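Take a look at the structures below.
You will see chain A twice below: alongside chain B first, and alongside chain C after that.
And now, the complex of A and B:
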C-alpha cells in the first residue's frame, strides 16, 4: 500500500527523499562536530596540567601508542589467544544453550520446572565463578573458555527456548497435517522458524563471552589481551592502556557488527 | 478459580524442579563420598551448606553487605540522575538523537568494564573506582529506554496537554514522565542489573571491599567449601535483587 502511494505521488516521494538526505547530512555534521568537541576538550585537558601527568594523555601520544601496539608481534599473539578463547566459549556455550533451549522450549512441563532457574541465573555476575573454573580447569586458557561458555550458555538457552515457543502455530499445524516425521518437523518447521531468535541469542552471547573471557584474563593469566592490559597497567603506561582499550573496543564492535550482519539483527 | 488452577498447574513442575536440584546435590554428595569425584576440586554439598554459617559469623558478612550496598545505592542513583535527563534530552532534540543514539547502543554492547584499570590509576583501589566504573557500565540501557519511552507516549495524551496550554515543564512532569514511566523502569531494571554485575565483579577483580572480595579472599585461602558457599550466597542475593526489580516493573506496567 505504501509503495503504490509513493508512486502515485512522486513529488511527495522526492520531498521525503530530500528530507532524508538533509537529515543524514545534519546527522553527520553533528557527529563530526561532537567528535571534534570531545577531542578538543580532551586535548585541552591533557595539556592544562590540571590532572596528574598522563592520567589524560594527549591524543597524539595515544595515537602513537596505538600505532606502536599494532606493530608489536606480542599484540597479535595475545589477540590470537583471546580470539580462540572467545570462539571456543561461543561454540561450546551456544551448542549447550541451543540443546537445553530446545528441550525447555519444546516441553512445557520441563520448561516450567527448570526455565526459572536459567532465567534468574542468567543476569548474575559470572566472573565470580572464576575461582571454581580455575579449580576445575586449571589456570590456563581452559578456565577462561569454560567461564565464557558458562556466560553465553544462559543467553542462548533463554532465547532458543523463547524462540521455540514463539514458532507460529499455523506452521506447526501445516507440518502435522502433512504427517511430517519428528525429524522433518525439526529440520523443516522448527529450525527455519527459530533461526532469528537463536542467532540473536548467539550474538548477545558473543558479547557476554567476550567480556567474561577478557575479565578472567585480567584476573589470572599469562596470555591474552586482558593479560596485556594488566601488564601495561602495571607499567603505568597510560597512553598504551588507552590505546589497547580503544583497539579492544573497536575489535569487539567489529565482531558484534559482523554477527549482527550475519544474523540480520542489530545492537 | 482460574487463578487457583493456574497455581496448581505450576506447583507440580516447580516441585519437580526443586526435587531434581536437591536430587542432583544428593547424587553429587554420594559421588564425592565414594571418591568418584575428586574432593579437592568439588567440596561436599553438605560441607558447603555448613560453611554458610561460618561465613556469616566469621567473615564480617554484615559489614561486607553494607559496603557492597553502599556502592550499589550510589551507582544505582547515579545512573538514574544521569541517564534519565540524557534520555529526555535525546527525546527533545531529534537531530542529536539521530546522531548519538546509535553510539549509546554501541556502548551498551561494548566491554566497557574492561576499562577498570584506567580508573584504578585515577582513583586508586577505592569504592570510587567501583562506583565510577559501574555507573559507566549501567548508563546506556536507561538512556535508550528513557528516549524510547518518551517517544512512545500516545499523541492523544500530548494533545490533551497542549490543549490545556501546559508549559514544557508541566508537560514533562504531568504527561510525558508518567506515561513513559513503565518503559523507563524497564531501562532502570536493565541498568541496575548491569550495575550489580559490575559492582560485584570489580570488587572481586580488584580485591576490594564487599561481597566480591569475600569470594576472592576465600578462594585465595583455598577454602573450598567457603568459596562455593560465598558464590552461592552472592548468587542468591543477586537473584533476590532481580526478582524484586521484576515485581516493581510488573506493578508499574499499566493493566491491559
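And now, the complex of A and C:
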C-alpha cells in the first residue's frame, strides 16, 4: 500500500533540483567574485605605493615565488616533516581520545567525574606546554608530535564521549533484545552509530593538530613548513612568504576537505 | 512456509505458552516509590493474539520490558515453558514503539540483523530476510535506507527484523503509536494476516482501543497506577479478520464495553498527570 504512496512527484523533484543547481551557481559566482575582488584590491594596493612595496608585493611576484617554491626540493623535505608530524599527532591524539572518550561516555560516574577537566582544558592554548615538551622530547619532531597529539586529544575525546551518549537508546535495547554479545553491541551498534561524531571530532582534531604543529615549528625547530616560514621571514623575502602561506592554506584546506568528505558520507 | 515452523510449535496443545504470574514491580524505595505493576496475572496460549490495554502511565511499558527481559528485577514470575524470564529470552521477539531501524543499514541488512548475530551465513540470511520482507509487503525496497521510507514502512522493517529471528512469542509495544489512523488500520490488516499465516503467538501492548479489538483474541484491561488486571475480555469476532471488522455491530459493542472499563482508569490517569504538572512540570 505504501508502495504507491511512496512514489515521489517527479516534476516537483526536478524543480527542486533545478533550484538547487541555480542556487549553487549563484553561490559559486559570489565566491569567485570575492576572490577576484580581494586579488584586485591587493594588486591595486601593491601598485599604489601607499605601503612599502616589500610588505605588499605584487601578485605576479607572489605567483613567481610560488612557482619557485614548488620547484625547490627543500620545500618538499619540509612539507614531508610537517605532514608526518600532523599525521602522527592525529593518530596518537585520536587513538587516545577515542579510547578515553569511550570510557567517559560509557561510564556515567567516570564521565561526571572527569569530563569537566577535559571540557575546560579543551579550549586552552596548548602551545604553552611547548617548553615542557621540548624538555621531555627534545627540539626535533617528537616534541611537535607530542604537542599536536595533546591538542587533538581533547577534541576527539569530547566528541567521542558525546557521540557515545547520544547513541539512540532504543537501538541499544534492540541489540539487547536480540541477545547481542558485548562485542556485537560494540561493533554492530555503538561503532556505526558513533561514526559521524567521532569522524567529526577527528576532523576538528586535524585542524588543531595542524595549527599546533606549524606554531611549534615557528617557535623552535630546524625543519618543517613552520621553520621554513621563519627562515623566509628572516630573509624578508615577502613574495616567498606569502607564497608559502598560500600553499599551506591550500594544503590544509585539501586535508580538511578530504576528512570532511569521509565524515559526510556517513548516514 | 518452512521458515516459520518455530512459531507453530505447541500450537495444538492449548497449554499456555507465556504465563504472567503475580508479577509485581516497584520503582524506587520509601515515600517516592511508585508501584508500576501490582500482582498481574494472565497467560497467552500458543497461536493466540492477546492485547494488554490501559491508559498512559499504567505500567504497560514496564510489563513489556519485564516480559522482554530488559528489566530483570521484578517479583513474581514470567514463565515461558516453565522457565522464568531473567534477561532477554530467545523465544521472545520484541518490536518497539520508537523508531528502531538502524539508520546505517539498508532494509535487507536491517532485517537480517538478528541472523547476523547468530552467525547465519550470508546467503541463507539474505534468503530468510527476503522472505520476511516479502511477508510485510516491502518487496522491492530491500536496498533502500530507512531514511528513504515512510514511518509505517520503517515499522514494518522492524517487525520483519523481529519475525526473522523466529520468535515463539511476538511482543509488541504500541508499534503503530507514531502512525496515522489509516496507516494504522492497514498495518493492522498486515499484522492479522501475518499472525494467521504463521500462527504467531502475539502479545500486543497498546492504548488504542480499536487496534486492540481489531487484532485480538483476548484483551487484558489494565487499571491505572498501580497496574492491575481489571478485566479480561474474549473477542469472539470471526477469523480470518480484516480491517472491515471495525464497521460491524459486534465490533462496536466490544469497543463500547471495554471503553466503559477503560474510561474510569483513563480519567484517573488524566487527573493524576494534570495534578503532577501543576506541582512539578516535567519534560
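Methods note: the second predicted complex is superposed on the first by the 231 of 267 C-alpha atoms of A that agree within 3 Å, B and C clash if a C-alpha of one lies under 4 Å from a C-alpha of the other, contacts with A are read in each partner's own complex, and residues count from 1 in each chain.
We take it that a contact is a pair of C-beta atoms (placed from the backbone, for glycine too) under 8 Å apart; a residue touches a chain by one contact, two chains touch by 3 or more.
All figures in this text were calculated on a predicted structure; none of them were measured in a lab.
With both structures placed on the common chain, the touch criterion links A:170 to chain C but leaves chain B unconnected.
Touched residues of chain A, counted separately for chain B and chain C, are more numerous for B.
Of the two partner chains, chain B is the only one that A:23 touches; chain C does not reach it. Within the superposed three-chain model, A:95 lies out of touch with both chain B and chain C [touch as defined at top].
Once the two complexes are overlaid on the shared chain, A:178 sits against chain C while remaining clear of chain B. Once chain A of one complex is fitted onto chain A of the other, the partner contacts of A:238 are limited to chain B, with no touch recorded for chain C. Contact with neither chain B nor chain C is seen for A:40 once the two complexes are overlaid on the shared chain.
Annotation: chain A residues 267 touch chain B in one complex and chain C in the other. Partner chain B is touched in their complex by these residues of chain A: 23, 26-27, 30-31, 34, 55, 109-114, 116-117, 120-121, 123-132, 134-136, 207, 210-211, 214-215, 218-219, 226, 229-230, 232-233, 236, 238, 241-242, 245, 248-249, 252-253, 256, 267.
Interface of chain B with chain A (complex): residues 10, 12-14, 16-17, 20-21, 41-42, 95-96, 98-100, 105-106, 108-118, 120-122, 193, 196-198, 200-201, 204-205, 212, 215-216, 218-219, 224, 227-228, 231, 234-235, 238-239, 242-243. Across the complex, chain A meets chain C through its residues 1-3, 5-6, 168, 170-171, 173-174, 176-181, 184, 188-189, 192-193, 195, 266-267.
For chain C in complex with chain A, the touching residues are 68-70, 87-88, 90, 92-94, 96, 98-100, 102-105, 113-114, 116-117, 137, 140-141, 145, 147, 149-150, 152-153, 165, 183, 186.
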